[in-house]
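Per-chain residue numbering starts at 1, and chain names A, B, C and D are given in the order in which the chains are listed.
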Amino acid sequence: MSSTQTAPGWLSPQDIGEVRERVPIVYVEAIPARVDHLGRLERVGLLLRQRPDGTISRALVSGRVLYGETLREALWRNLAKDLGPEASPQLPPNPAPFTVAEYFPADGLGTGYTDPRQHAVALAYIVAVEGECTPAEDTLDLAWLSPHEAVTPAVSAEMTGGQDRLVRLALAAAGCLP
Amino acid sequence: MSSTQTAPGWLSPQDIGEVRERVPIVYVEAIPARVDHLGRLERVGLLLRQRPDGTISRALVSGRVLYGETLREALWRNLAKDLGPEASPQLPPNPAPFTVAEYFPADGLGTGYTDPRQHAVALAYIVAVEGECTPAEDTLDLAWLSPHEAVTPAVSAEMTGGQDRLVRLALAAAGCLP
Amino acid sequence: MSSTQTAPGWLSPQDIGEVRERVPIVYVEAIPARVDHLGRLERVGLLLRQRPDGTISRALVSGRVLYGETLREALWRNLAKDLGPEASPQLPPNPAPFTVAEYFPADGLGTGYTDPRQHAVALAYIVAVEGECTPAEDTLDLAWLSPHEAVTPAVSAEMTGGQDRLVRLALAAAGCLP
Amino acid sequence: MSSTQTAPGWLSPQDIGEVRERVPIVYVEAIPARVDHLGRLERVGLLLRQRPDGTISRALVSGRVLYGETLREALWRNLAKDLGPEASPQLPPNPAPFTVAEYFPADGLGTGYTDPRQHAVALAYIVAVEGECTPAEDTLDLAWLSPHEAVTPAVSAEMTGGQDRLVRLALAAAGCLP
């Protein structure tokens, strides 16, 4: 039974491969945040993954919007997928993206975001997360970093495709760019 | 002992009166919202007050930003004042106002917002509220209305100064303008 | 020679049809505006088209973002296509969409936007237009309406898919919702 | 004849001094931008002023919102004051601030913006400027810098009160943070 039968919106690797060569793909990206009682950002969560060569890479919560799915549902689903079912993300009533990141396979277009797989248009959000987070299987860990730690050159160097820029933009939007 | 001694930022009625004739006053306004687990707005809270003539008026959470106070602190303080200490408002990490409302004593300037007391510049937010709300003493009640109910002509007629417009704008920003 | 050879990003009707059944499609939508020297919106432009049954329909400037194209380029291209080469649209340095409209084939998802052809995620902008506008061939005319005229029931009834809502949201964002 | 008689909204130095000790003051700030035909930011304008000690300082267009004046009027007036009558700023139909900067006399509040004179709440905008700019008398020059130049440590060091942060935020909002 194919994945498209069990989960509407999902595509086989071949199908999504064909689509990716033809149109921009819609993504949502989220920066999980621990906040104090006034909503002030204290820490941001970055996923830790191991690359085939053994080095560590860091990533945001990120995923494709499926056919028939609202942005809000896609945001929730991807947060639950990467942070576990108890994360309890607090999606706001009016979730305006803090930026729209345009990823292109080659960096010639000057947006600063690259993705070798595709042209993606990603709506990026900061989401307060209250519950316990249990990273999914393909993730080593979730690291909660202070704004200062999150923009150090060492951390930025472990991120790819311009996601370190997204972290800086998120911190700027939250009023705590170091 | 004057009020400014006990609470920095507070002004005597005479002092604030003098200031109001000279400069625009900074306000925060909040539309409390009950949301579902995806953050979708289900109901908005409107304060019910009795006018001297016995009629009911409805109002948003609203208040001046004090000298030395951040917008976030002012938002929290005014929510706690009007909704009680258990309201547990969820201020987002990046609280962008859904609009900036400019109130003028006379309506000649076409902004649609009037306040006979002053020229006010109000940053307006939608704030999810999770806890129990106990309206303060000068408030009769807090009514939780569906988006559809909140924009009926009857409800709009009970609001003053253009706050019915703010409710419509908030619902629009939350994606649920009927 | 196929259309994809002559114009990168363009797809044959069959190809785009297949893609539309699989993923959300990225769109840009624009509400052209005439503004005064302070940038205040005076009139909005709505395209007039004749339906097969002879009735008039009104529409916004709207179009797909092509593979390899930035949002800004797509916005410019679609404005030039619908308003002519002399329209001289003034894209701002930081073009934040005033809303993101999610169109679904069926209206079951409650977003208020429908498109029988596809699931589309449309970033919607208000764009000041300074030059002379000459609507393209498949367009009867471009009507410049005052904010008051643009939201009359008669005009709203001539729009489809929820674009009358987009007009109201745009006017709200520009501070001139009647 | 007092200044308030000749220009409504203006206050004598003594009056504004008294007000500044009592309430937050509303400001608008603008980063002038040269843009290409697609609206892409090419250069930002920074005012050059000479300090009493002979060193150079750089500043944004900035000014108080007067009593009875809309934000849009204040933005226009301050741009005309600092850039001259031919600058031809292009205020957008929906001028959302890219940030709200909160200035405090002491930096204890963590906003990153300081102003020894006052507590100010500043709505900050990027404004495309098409015409010829002729800086006012108390200004040495207006320097148009590339995004890369505008964030060099040397330039940042010539700005005060956190305005170098505002420049970085503006470039981020315009999608061209180096």
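Odds and ends about this structure:
The rule is simple: a contact is a pair of C-beta atoms (placed from the backbone, for glycine too) under 8 Å apart; a residue touches a chain by one contact, two chains touch by 3 or more.
Keep in mind that what you see is a predicted model, and the values were worked out from it rather than measured.
For the interfaces B-D and A-D, the C-beta contact count is higher for B-D. As a whole-number value, the distance joining the C-alpha centres of chain A and chain D reads 34 Å. Chain centres here are Cα means. That of chain B falls 29 Å from that of chain D.
Among the residues of chain D, those in touch with two or more other chains are 111, 175.
Taken chain by chain, the contacts link every pair, so each chain touches all the others.
Across the complex, chain A meets chain C through its residues 11, 15-16, 19, 21-26, 64-71, 97, 100, 102, 104, 109, 111, 119, 121, 123. Chain contact summary for the complex, chain C toward chain B: residues 99, 110-112, 165, 168-169, 172, 175-177. Looking at the complex, you find that chain A touches chain B at residues 33, 35, 37-41, 72-73, 76, 90-96, 98, 126, 128, 170, 173-175.
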